[in-house]
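Both complexes below contain subunit A, partnered by subunit B and then by subunit C.
For the complex of A and B:
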């Protein structure tokens, strides 16, 4: 499979950061944009998980997703609370804070716990940053904005944040967990990441129906459409990869 | 404005750091076998470290917060005891359910390959370990170790919650419990994933040689990360004013 070129990590990083931030900043005007931004972060995060978890974490892929979203919630709450007067700076500060926490945990994992994963520090930084964008993006879709005073009553008090935590974790960790193995390919994984992100978006649409009313309907519809498209694409990729495994032909009956 | 250098705030930060470290230590006591245990090829409960530690810890958080909500004047010791009890009940239920399945479903005797005799019951272990496995089932020592771990985890989670509710309630009255609870969950997850990387998937409990080998470096890592979380938690309070 070496002839197939992967999308380089830097491209996906830019895609995740820019897509995520733009989505979050557009959410006060069009709440569905928050979830679209979070989906960009899911795709980026899933690829970062792929690069780190390839080395074998010894404890299952989902654990790194839980770590990411755990760091993400801490960073998101901190940044939004601190920027109450300058709300525009919130998401950017959250991204920076999460990256710093991820960098520290990555450094400790590499040098104190000695995990021997060469991409650990960069991977953990990226995963934490993607985690915070996932939290903020989906929260913004449910709350209709990204300010502390708006997110607390509409996302924290009613417990939607726990759904974001869990479903967001799965959206990020499931693609690699499902695709890992010797025939794992990035393209298939990325389509699956889009599809898990879209399912999460649909679920957040249901939550937004409760908090925002009609804009939740748009989120649900866009989420279902994106899910159907990306799942079909994933399905096609699976068939293509299966064909390349089966296409090697049967074993010869007699030794030549 | 909440000052970081205020003695009460410094105490709170330190308490959160201690709680995070407690959770990290708790994970080492819990007999996690991971995928090998699920196939009865290693001693312990057949699921991941994070799932077990966080699962029991979150039940502890529920019992502690419920107790604290019903009795707001309760002393800290009662809230911590409620947390420890909830976690221990959860861990005991999982241990018993697992034991029934291993004994009557899979049909393996409970034995650990790490020790010759069970440190608690004194029963011989090595005679019952199947060839090519690391032991199977949940022997008494693992069960007791799991209960100790669950108690520590429950206390850690309850302490973070208690400290944070104390900080946030004067600032955001009605939402304080939600914010404190979610922050506790986040710190709990971070602190149960870090040691699970240290133990690399499986550990039997305090009698496992791995326990002494990995505990110090995991505890140091958790302490640093929890201290950072504590500082952030207090700074969030500063932003609420």
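For the complex of A and C:
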């Protein structure tokens, strides 16, 4: 929407997939890494939501986030349950499964419902893939690993999965929803995505206090530091982009 | 079912009261921030040349944002209960942390939306953010507290098999839906278009032409809560209170999840449908289709 050069989608896709998978695979050694990986996926997902929702999905923005994380949960649980003997294959299989579900839903939206959004199929695939990495990443932070037998008692039984599902959805959908408008800029949106991802990470750190103990403290500290930096950066971008910043005062005399 | 009838009724009354407060505060909070469908007019206003000093909080729709805030608080509460804190302390701290996070999301939503409207010259008023965000946090805290308390009572006293975050999420979504359906009309249709005759409907040409001046000075988001607290908020509270009360009443009376409970629940739904139909027919008979008044007729001819 603006003439300033955006970060290309392919770069963000690579960032999301590689960052997400590395984070998830490192989580058994250092649980905080899972949330860091999920944050990469949040940034990627927020940009994918932006590209799809730019075509006029006003109220549909949070819905698309729900859809993404919904596909993500199904793909994650299916793949982790299937690879119980070869746990290393779990996250990769989950990513592939989610991409296929996203592809099918994108194809249905484009060709059956006829939504006529050119980037729909690619967008839905990316959103679903980002969704599964968000689910797995944050779950790994709370459970301390990414295996089925570890995630079920530590994430599902106590209801933390719902926090991951719902807060993860907002982490991904809120940046575009909050920056919606004719002068929306990608840089501001990406900083906001880091901020919302960091808030989710902090919450997962609190949940990890219950399941893992002290490693939750590291997650909380890293989450708060990342949030402070990205929130400050977001406001810097706001001050740069906004028409004028006023301490207080009456309305300017430009109205019609 | 772990309670006798008297105790069950007491818990039911408490849950109904909590739900009424939660519903009322939920609607008022979203009015402070102009969330949900009333938000579209605030978003459109600068585009029509109507610059304003009203908070533009677009976290998401009300059901999603209230589910978010309730599930956040409930997760923190679960963690604290796990550390054997007193339930009241755990719920209070949980609701407080959720409200702070909600406040952060509110500021980013407002600032982001205003920054994305820079071509219409809409300024970002910092004083407005400073005094409106704490109001949002305060309202949200009370609503969260009530929602998590309902989920806690349901889990511990009524013996529901689901964890507290799950129950709180469901109640968060429900209160958001009711706030959106019942309360928003009083902010969007009535307050934002107070200069038009009541009940005229919103012409497309009027989109974004909201009232921006108050009784004294410019209208602020706090003025809007004052207006909505007269009817919209309490109406939402009664709506949500009734939903919670009528959901659990058969469970308490018929002692658990028996067939009698199911039948009683079904009868309540049928009665509600009948009452709604009667109300609709009554309204149509009383007011009928829209009639042009004299001035409109003259203007047309």
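One rule holds for everything that comes next: the second predicted complex is superposed on the first by the 237 of 256 C-alpha atoms of A that agree within 3 Å, B and C clash if a C-alpha of one lies under 4 Å from a C-alpha of the other, contacts with A are read in each partner's own complex, and residues count from 1 in each chain.
As a working rule, contacts are C-beta pairs under 8 Å (C-beta built on N, C-alpha and C of every residue); 3 or more make two chains touch, one makes a residue touch a chain.
Because the structure is predicted, anything quoted here is derived from the model rather than measured.
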Task = Considering only touches as defined above, state whether A:70 meets subunit B (first), subunit C (second), both or neither.
result = first
Dominant toucher of subunit A (residue count), subunit B or subunit C = C
Message = According to the stated criteria, A:195 is in contact with first (subunit B), second (subunit C), both, or neither; which is it?
response = second
Ask   = Once the shared chain is lined up, is A:10 touching subunit B (first), subunit C (second), both, or neither of them?
value = neither
Task = Could you look at A:167 and tell me whether it touches subunit B, subunit C, both or neither (first, second, both, neither)?
result = second
Ask   = Which of the two partners, first being subunit B and second being subunit C, lies in contact with A:62: first, second, both, or neither?
value = both
Request  = Please indicate which partner A:157 is in contact with in the superposed arrangement: first for subunit B, second for subunit C, both, or neither.
outcome  = both
Inquiry  = Does any part of subunit A touch subunit B in one structure and subunit C in the other, and if so which residues?
reply    = 58-59, 62, 66, 157, 159, 162
Request  = Flag every residue of subunit C that touches subunit A in the complex, lowest number first.
outcome  = 40, 43, 48-53, 58-61, 64-65, 67-68, 71-72, 74-76, 78-79, 82-83, 97, 101, 104-105, 108-109, 111-128, 162-166, 169, 212, 218
Inquiry  = Please output the residues of subunit B touching subunit A within their complex, sorted ascending.
reply    = 34, 48-50, 54, 172, 174-175, 178-179, 182-183, 185-190, 193-194, 196-201, 214, 217-218, 220-221, 224-225, 228-229, 232, 235-240
Note = Per the touch rule, the subunit A residues reaching subunit B in their complex are 57-60, 62-64, 66-67, 69-71, 73-75, 77-78, 80-84, 97, 101, 104-105, 108-109, 112-115, 148, 152-153, 156-157, 159, 161-162, 165
Ask   = Where on subunit A is subunit C touching in the complex?
value = 58-59, 61-62, 66, 157-160, 162-163, 166-167, 169-170, 173-175, 177-185, 188-189, 192, 195-196, 199, 203, 206-207, 209-210, 231, 234-235, 237-238, 241-252, 254-256
